[in-house]
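Structures for review follow.
The two complexes that follow have chain A in common; it is paired with chain B in the first and with chain C in the second.
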Partner chain A sequence: MSELTRDQIRDLMGEVMKAQGKVLPSDDSADLREIGFRSLDFSELALRVEDEIGDELNFDAPGLRQIAKVGDVLDFIEQLQSA
Partner chain B sequence: MTGQRRTTALIGDDNRVVVGGKTLTWRTLHKLPQLPSPAAVLVDNGADALAAVRHHAVHGTELLVATSSRVDLAMREELGESGFAVVIAGGDEHSVTPAKLKRVEESGRVWLLTSGSTGRPKRIGHTLETLTTVRGKQQPRTWLVPYSPGTYAWWQVVTLSLTQADQGLVVIEPSELETWPMIAAEHGVTAASGTPTFWRQTIYRDTEALAKVPLEQITLGGEPVDQAILDRLQEIFPQARISWIYASSEVGASIVVHDGKAGFPKAWLDREPDPEGERPILSVDGDELVISSPHHGAGLEGAHRTGDRVEFVGDRVLITGRLDTDEINVGGSKVSAGLVRNVLMDHPAVAWARVFARKAPLVGRMVAAEVVLDNDLGPITDADLVQWCTNRLPDYGVPRRIRFLAEIPQKETLKSDV
Partner chain C sequence: MSDPTHVPPSKVVLVSGGSRGLGLAIVTDLIDSGVKVAAFARTVTPELTALAEKYPDQVHVGPVDINDEKAGQAFVKEVEGKLGPIDGIVNNAAVGQDSLHVHTSAEQIANIIQTNLTAPLVLTRFVLRRMMAKGLKGRIVNVTSICAQRGYPGLVAYSATKGGMDAATRSMARELGGRVLANAVAPGFFASEMSAVLGQTQLDQIVRRTPTGHLTEPEEVVPVVRMLLLENTNINGQVIVIDGAAGI
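For the complex of A and B:
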């Protein structure tokens, strides 16, 4: 299966939030701590992306970076898909 | 049931044996030609397997019996090099590949292959004596034999029938597993032993058919036994005694629990040996179950580390799964896959569940699950199950990815990969 678009990744992120009884704001600059998006949620999002694309993401490829905002998550997953 | 027997093993020689649609007795089973000794008899049906056992009981032939599918070509080579003639049984016809190593037989020796769940199957030596763990006089019963020939659980039922009067057998071939309740009801099966997976599959397929079997004794073993399956069976069979047994080729039948509860009482740990030496000694080292058992295999005297993980819940000791696969480390927080599975299985709409670790970023591993639903109980989504688990488990123990399967997977050993 081909890579997911940024919008598709955002949809999946919204599903992760919804499953936790939370809502994903539309603003990419929203702070992850403030919206309650935790490391377990990020990990779940990665697994959802893997299930959608039918392939494992290579987390070793990109360098460590700060992921503080919604946009950072979307950037990072986009980058992982093409790594 | 009178007259002289060559061995006490043949006390049950006139017990009824239903196999392949025929009603026979041990005595009237077809006879195998004189077997070489040692012999590894590979079978494709229950009748040949029972015939090999009776041959052993009469002649003392050093014997390993297993299904052909469990013994691949490499293992057949190994058996030949270990002194076994490999016999492919096929009713009245059979083929023999002579042993490559000539050695003196161990008369009376029976060999079992371990299930191989922890790697390649190993050979464990027993005798009919060490395999016969039920010695007291039993109520007359007709036992179901759904197990694969040659496994410890199979030997348990088979030796019971061979060594006790009035203990009949109804053998279920692999092709009959889906419809066994009909066969069992037809032949009046009153006792059945199976893995939790076997029981779940049966309930899942056709509870009504199962309820028509006149079961008085239900036994579970071979896998961790959770409270949900015990309760469900008790609902269907309120009059039956429901037992679970912890047994393995290595330590034999070591824990037998009849109180209808999962796990065993904590008070059973580290008890003084009984004067007869019949009672296994149970202990826990770290979180591993350790057993010294009088029913052990040859050369396995003393304390045996089982590799099974236990957890204390109230006054019970629960066996949650294999140590090497049960513990899931989620970002430094450890959770037992077996306990998560129990929570899922407690959901009324879940017929079966497997819990496992999935590699994940940031936390290293995450809890994931595969689930088979009981479709009679309405539509259930993964979000429903996540919510169910969230209310009962720490957040790191909640399976975040749940995949629904159409049916319960099962291996030849009647176990699933849980």
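For the complex of A and C:
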């Protein structure tokens, strides 16, 4: 299965937040702490992406700790897909 | 006449993962204590090489991957030929982990278990067989971790291996019937090396919750390892936590 586009990843991120009654801002510079997107939410997003692409996206935690903004999440998932 | 129930101090100690950090500190301390030391690691560092060059009759080092069973056995035989029969082993070699369980591949989990649990058990078995065949008594010190007793994110497989070694330590003490004293030291998080996996926020939190106000340093673990190898204490089958009471 092919990689997801940045927009498709963003849609999935929106679904993760919607399931918690939250809204994903359109601005990539939005702060994750302010919008309530936590590390386990990132895990859920990564697992949803895995489902879509049919492959595992395993990664170590240090990269995860650098993620602070919505754009960082999208960048990280994009990089994982192409790794 | 020696007491038949007494396990004498170790004279020749094998240290796995002895090239840096706690392993290197243990090697250095044992040399200073007059013990003959054999140390191996995947890569022999300049520091370890320097010790071997400085103390050629007391130290033997080599590049061995603990997962390479045959190489480990060959190294043990080399050590016996050069320094004499091994009557002490410090299982220190280990790989760390820094990944949530759901994002850790099955291969990575298998590697952590192989390196941190299976390999030291296999190496210990080999050394014990040779020790017992010679009628020797001896001592085992397993370096485990506070992770075996308390939960930390990102360390699921690692913690499982350390808990496994703690459990093995107790069963070894029973099984070896006092001929071999088997104990473990369980350090808290060091400020360096594997603690880097926790991230500064988690480390700061651990320091705040530690009554002694600081993370464990290798120099604080070394005397306990020395005691377990060299002193007459009757400590057997124990896991000694060295974490400034962070875990209580």
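The rule is simple: the second predicted complex is superposed on the first by the 76 of 83 C-alpha atoms of A that agree within 3 Å, B and C clash if a C-alpha of one lies under 4 Å from a C-alpha of the other, contacts with A are read in each partner's own complex, and residues count from 1 in each chain.
Criterion: a residue touches a chain if its C-beta (ideal position, glycine included) is under 8 Å from a C-beta of that chain, and two chains touch if they have at least 3 such contacts.
All of these numbers come straight from a predicted model, not from anything done at the bench.
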Q. Is A:Ile35 contacted by the first partner chain B, the second partner chain C, both or neither?
A. neither
Q: Please work out whether A:Ala19 is in contact with chain B alone, chain C alone, both, or neither, and reply first, second, both or neither.
A: first
Q.
Contact-wise, after the overlay, does A:Arg48 reach chain B, chain C, both or neither (first, second, both, neither)?
A. first
Q.
After the superposition on A, what does A:Asn58 contact: first (chain B), second (chain C), both or neither?
A. second
Q: May I ask you to decide whether A:Leu74 touches chain B, chain C, both, or neither, giving the answer as first, second, both or neither?
A: neither
Q. Is there a shared patch on chain A that both chain B and chain C touch, and which residues make it up?
A. 39, 43, 46-47, 56-57, 59
Q: Under the touch definition given earlier, write down the residues of chain A that touch chain B in their complex.
A: 18-19, 39-40, 42-44, 46-48, 51, 56-57, 59
(Q) Per the contact definition, I'd like the list of chain C residues that touch chain A in the complex. (A) 98-100, 102-105, 108, 154, 197, 199
(Q) Please output the residues of chain B touching chain A within their complex, sorted ascending. (A) 330-331, 358-363, 366, 368, 383, 386, 395-396, 400-401
**Q.** Complex contacts: residues of chain A adjacent to chain C
**A.** 39, 43, 46-47, 56-62, 65
